[in-house]
């Protein structure tokens, strides 16, 4: 029952913040902060206590169901499992950060700003909880409008171009996915004698001809690839990030990109197991391309936020690689990358925002030598740059290591190329930090170092990234049942695979050396052994 | 009565219709355009009467019985009674009323055009574009 | 004491945390105190743990097994702290493992670390980033200890990257000068290449053997992989890649000379004593893997041999004191690789121990010289310091002698002699490379002594060496001379204690002990060393004119400049990798994929303009289009 | 009967052609009246006496008179003819003629030989027409009346010349 | 031969009769008022007359709307072979009547102080409404033609209603000439079909054509009729008049043209092309598909960088009709029921959004000065925050963003398209909604960005118009979030 609160609290706070903001902006800020802290606390409590977790619900931790449009078979069906819980927590955390970091940055129309921000967060919560495809699409689209207005009204120089580009990219790909959902809806309906429903669990088992499976999966993949972003359709991200206000960038990078990853994990592979298996090699190549292309492009940028934006493209390449390896290791790795990237890139964007706030520019050629005036900020920047290049002991490394380890079984060559990404990320991450903080202070910037509020923010983020780095078990155990269930669902998909005998891919625990030397494109390491 | 084939009637109305259309497309004086429209409508009215004459009448009341009955005759077949259907001419009647109505409003606009826009040139009224 | 094993890396880590958070607020004295205390305590604790470990271990281990059959299982202490990564297919814990190999490393690291930190409290006194320096130094020692004590390869990788990070931070310590920042970046990226190879090796090991626990990996590898199998070779090669990167061997050695941009104590600790030998430790730790892949072990030897000759010749031509010492370090590590290559495992580690002492001594002495000569780095601008800095002279001489391996007197001799004598019995070619290297080493070490301390004085040194810097010099000088006695070969009437200790974990050198060969080899080494010293003395002290002769234009000048530039590797890599990467990046800055989407937007704008031309407001045109529409529709109906 | 149909058809086509090409409005009107009378004859031949009469009275009579009335009010006599000269350059005949030629050709191609049936030649007496009009088509008649009402009100509103003060004021602005 | 009226016939036709009678009554009342005004009984000038006219119109339309269920009781009933009153017709009649009420109120607020406007606006509006309802209930060529013509003739006058503005005159002339010529095409087509099949009853015609393969003459006839219909629905080759007439006509009338006239025409088209399971044969199907795709692309692309709000909304309505046509093409076997519901749903959403958008335009403009250029709307959020919010919501609904009824409409049409697996059309629709997004957002964001040029004067908002917009916005969000009532209504009523 508590699931609906995850959506209602931010939404209500947003609505309240608008009129309140008119009178006193500060009250609006505190209201939204309180709302987000409450949401985060709710998530934390749910995580810690996992109340009323009876076996009947299987691995679902909580559930909320209400009729919505019986005519179409759509209902408000929110369910929470390990995967969604972690993403809800990430959204909560970054939501608090977003409100905090826009404390000193946003001064005009504060009420409207917080309305948009809160509604975006409510939309995001909705996306991660919705188990009904129509409801999922509803929230998938709903979160775009507030972000559009956030970028278009409070953004920087070319904000309108970036906002429209972002909106059209996501909207068109989203609509293709809607067509895909409808196709699935009708195929399922016709197959099961008129049982037309958008319920994810019931849609899972629909068997369909390979061509239609490929087509529908293609639409889903397009929508999630744009959101991820995967390489060929990524060009909206740098513009959107560069022009968005700090809070917008934090949420955009921290959580909005994860919707694509969440979609791949939750919807794409379980709904179309056979098609996903055939598509896996191509998607992995795309992932690796994303890693390298993102890293090289990041190095080339002269704008601070564009550099960090391209770095997130590189990190998301790992997620794509991990998801399509579809074994317990790679999926856990993808999950950790999602969390760690959310925290580290969120922090980098808050930092970028502060640098821009203090110096008024994002141009790296003009920045330099800030360490002596703002050493604490330099230290924090160094730490998060190291996190983003995958230093062990910080969150990203665990994720990247698990993803690469998981992918290694299927395609060693691809893993080696992807590992090149680790070197490339080192190049741009170090170059970024040294460019801003080391070197001569050309324009002799005199900046105020971090104040208490900012210190608090960074303390929380540093704690989070180190926690993921040194004690990831807490997150991995939460994700395990969800990952297990997803693999079972995709395992029981389309009947016998193309005549290949179920390759006894020994589970990774056994001592027998792995028979699968990667020649048949069976989804590797599917530890359940079923192709 | 020597029989006039429907086909020639329709061809005539098509030709008249074409001429009317040329008038609308070619002339720049709004009056001539209205005249050409009258020609086109008249041609259409003629076509209706010609079509009506081809179909013998199975008394319209029967045809228009309460529920829409199934089609009584196959397409294009003759019917036994000899009176030609009145439907075509009723339609002509309605076309006539429409033509009259349209002319009256048209000429009212022509008068306003003359007083406000100064000339009767159709292209004078092409200020809204793009 | 066994339970306190985790405290050894934890103490420096605590030092780092204290200095990083509150360092700025503390007075300099307090900062120095915290730094030295942290390392001192760690060193004391290490000694205590070491003593207890050796005592307990000797009961089972000391009776060295008859040669040939499988060794008695290594005696080790294991302390698991918490489960780090636990996915249902893969379990990796944060576990510390102390065995004789890691004990040796821990002792050396903590002791040399303490000395250097003590020294740098004086050296860095004038610097404004005082607390930041010691924070980084403490972090480095903590990371190095984690690397050495790691019982799980993943934890080892954490330490591995940690030390890489600290070397980056410390090289770029004086961040104002962009050259330092570039050197730091270069160091990190080149080592990162090696680390990536190492990571891929980990993936291979983990996917094929199912675990990353060091002991587990070695036992399963031995059980499942036949000698010479492709998997073993691949794993060994990948780990070798990592080792080459970190230990600056060919072909990934270009970063070490540039790393001298950092403060001298950093060079002493990281780029001489500890970090650069991490590769040696890794190969020694995974010795089972390398014995399963003999060709790779040979390759290690070959790389060692080639690097020692290459680096020696380069060191010969350096004018910058620190760069000369850097190349000398590369050369000495070449010796260790050679030792591991020929299977002389404990000899290699012994050379690490002695090298740590005399090389850090040389660097610290160089630091004093440079500081007192108004930051003068060029040795030919120094000279005649014999009288002005007697203490520095004697300590520098002890170090140089040990480096040159003066027979019987210095520790360097014993370790180098042990390596070469065992190399002699297994690979003649490598042995000859070693001997050639010995000659070159002697030549360049005494070239330094001659040029710096003899001849007439070019720049007058200022001030005097503070006590806190002098003490470490003396201690290390003593060790540089005396350290050899812990492992005197039986031939010379000594008891090879260290080798026995190391043979608890590492395989013993092998069975062929024909005494004649050993004597012959050590005689040859001694003679070549003395010849080298003599030549150096002749050229650089007696006849300074000859040293100019060498650099006169013509072929000799060309070769000299080629060697000086590190055989042109830097130039090659710059052309081969750096320029294309930067060029490609700059070329595609605006993301050509974006231009595709912009073109879509452009075409739609153009169609908009074209279509709005059709809306020209003319009534007749509208009617014309309508008629055209009708015609087209009819055309479709009739003809198609 | 056959010949009467063809003769009057020819007259109708010719006079319509003349209507479209005349420069002088009054001449065009007169030609149109001739054409309408010819069509009335055809209607009579096809068995629609009532319709033919209506064509003459309403079409030729009322509508054409309206046109004449407008021409008189606007007295667009001779100077309109001069204007027509530069409006009616032969150049702008080609486009419409071509288009309409193709359209007429398509229609004729369709009609030639396909329209089955022959005009019965029987007369539809006015009584029958009336019965049908006020029988099933009574709703149609009502709607026709609504149509005329709409035209009436529309024409009244548009035609009102009494421009009150506002309008003059606003006239200026709107001469965009 | 005569037709004997029964009570049931009268009951079925009640709404139509009320509207027509109201037109006459309003005319008479206005005449008296004007005469009384002249005679000094009522206060001088037209304003009281227009107010009485408006009130009467709204009452009449509301009464007709209320009588629909009564007529529904007698449905389905064919009153003479001209008209058939059934659930399908009543739903669309309801939709049209409510739109007319909205237009009446908007018109009233548009002409508020315009004394010279006179009451004719309401008479013409009622007549147009009567024409539209005849179209919706039509079953025979005659009622189809007459309904269409009543609607068109009253629109000629309404378009040029603003006697002062030259643009109005231009709009009126253009609309008249083109509508009349397209009507003649329509008539010629009808004549050909009648000549070949001998019947003018659309129902029987559809059955006849289903059975036998279509003779060429009938196909040509149908295509010529399509020219007339295409003109009315402003589909691609016949769309050129749309922008000029929408811009020239007063904003309230534009709202009427964009919604009621298109809606009525489409209802008739839908009834016969889908209702009587008339399967589209090759030539007509190909032409319709081409027209649908053409309308989408041309409509959206024309509006891309359009600087005039009324022209932008005109082009956007062309594109929206392109989407609507997809439901027509998706009505193959098995998709008939869904296609009709989709069309009903989409039209309802389109009506709400378009009336809302044009409503805002009409509230901001007045007979003297039409608020149509972008500068009037730039930074509107500061001058009229609520109006800006309403317009933004309407634009988002036209773009099909969730939380608005537009999303439900677009979803429904997409569902129909996918169900009839028209992959190409669905793809075209998706791409076009992307293009459409560009200019909807361009206008929406312009509302919130302050303009450099000095803003136009603040306009007093008339309560009647404000009430209409309030109702529309509430409907927009309510149905957008909880569409169940609309869906239940569609299911119950539209089941043929």
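As written, the chains take the letters A, B, C, D and E, and residue 1 is the first residue of each chain.
Everything below uses one rule, namely that a contact is a pair of C-beta atoms (placed from the backbone, for glycine too) under 8 Å apart; a residue touches a chain by one contact, two chains touch by 3 or more.
Everything quoted here is computed from the prediction, not taken from an experiment.
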Graph distance between chain A and chain D, where chains that touch are linked: 2
Contacts common to chain B and chain E (chain labels): C, D
Selected interface, B-C versus C-E, where C-beta contact pairs are more numerous: C-E
Most distant chain from chain A, judged by the mean position of its C-alpha atoms: D
Chain nearest the global centroid, as defined over all protein CA atoms shown: A
Distance between chain centroids, defined by C-alpha means - chain D, chain E (Å): 29
Distance from chain C to chain A - Cα centre to Cα centre, in angstrom: 38
Computed distance of Cα centres, chain D from chain C, in Å: 102
Rounded Å distance, chain A centre to chain B centre (Cα mean): 66
Junction residues of chain B, two or more chains touched: 6, 10, 14, 17, 20-21, 24-26, 28, 33-34, 45, 50, 52, 54-55, 60-61, 64, 76, 85, 87-88, 90, 94, 98, 101-102, 105, 109, 112, 116, 122, 125-130
Shared interface positions of chain C, touching two or more other chains: 612, 615, 617, 619, 623-624, 627-628, 630, 634, 638
Contacts with 2+ other chains: residues of chain D: 95-96, 99-100, 103, 106-107, 110-111, 114-117, 128, 131-132, 135-137, 140, 144, 147, 150-151, 154-155, 158, 171, 176
All touching chain pairs, where touch follows the definition stated at the start: A-C, A-E, B-C, B-D, B-E, C-D, C-E, D-E
Of chain C, residues touching chain E in the complex: 604-605, 607-608, 611-612, 614-615, 617, 619, 621-623, 625-626, 628-630, 632-634, 636-638, 640
Chain E residues within the chain A interface of the complex: 396, 401-403, 407, 411, 414-415, 417-419, 421, 423, 426-427, 429-431, 433-434, 437-438, 441-442, 445, 448-449, 482-484, 487-488, 491
Contact footprint of chain D on chain B as seen in their complex: 1-12, 14-29, 31-32, 34-36, 38-39, 42, 45-46, 49-50, 52-56, 60-61, 64, 76, 82-90, 92-94, 96-105, 107-112, 114-116, 119-121, 127
Chain E residues within the chain D interface of the complex: 1-3, 20, 23-24, 27, 79-83, 114-116, 118, 120, 123-124, 127-128, 130-131, 134, 142-143, 146-147, 149-150, 153-154, 156-158, 160-161, 163-167, 172, 192, 195-196, 215-217, 220, 367-369
Footprint of chain B on chain D - complex, ascending: 1-2, 5-6, 9, 12-13, 16-17, 19-20, 25, 28-29, 32, 35-36, 39, 42-43, 45-48, 50-51, 54-55, 58-59, 62-63, 66-67, 70-71, 73-74, 76, 80, 83-84, 87-88, 92-93, 95-97, 99-101, 103-104, 107-108, 111-124, 128-129, 131-133, 135-137, 140, 144, 147-148, 150-152, 154-155, 158-159, 161, 171, 176
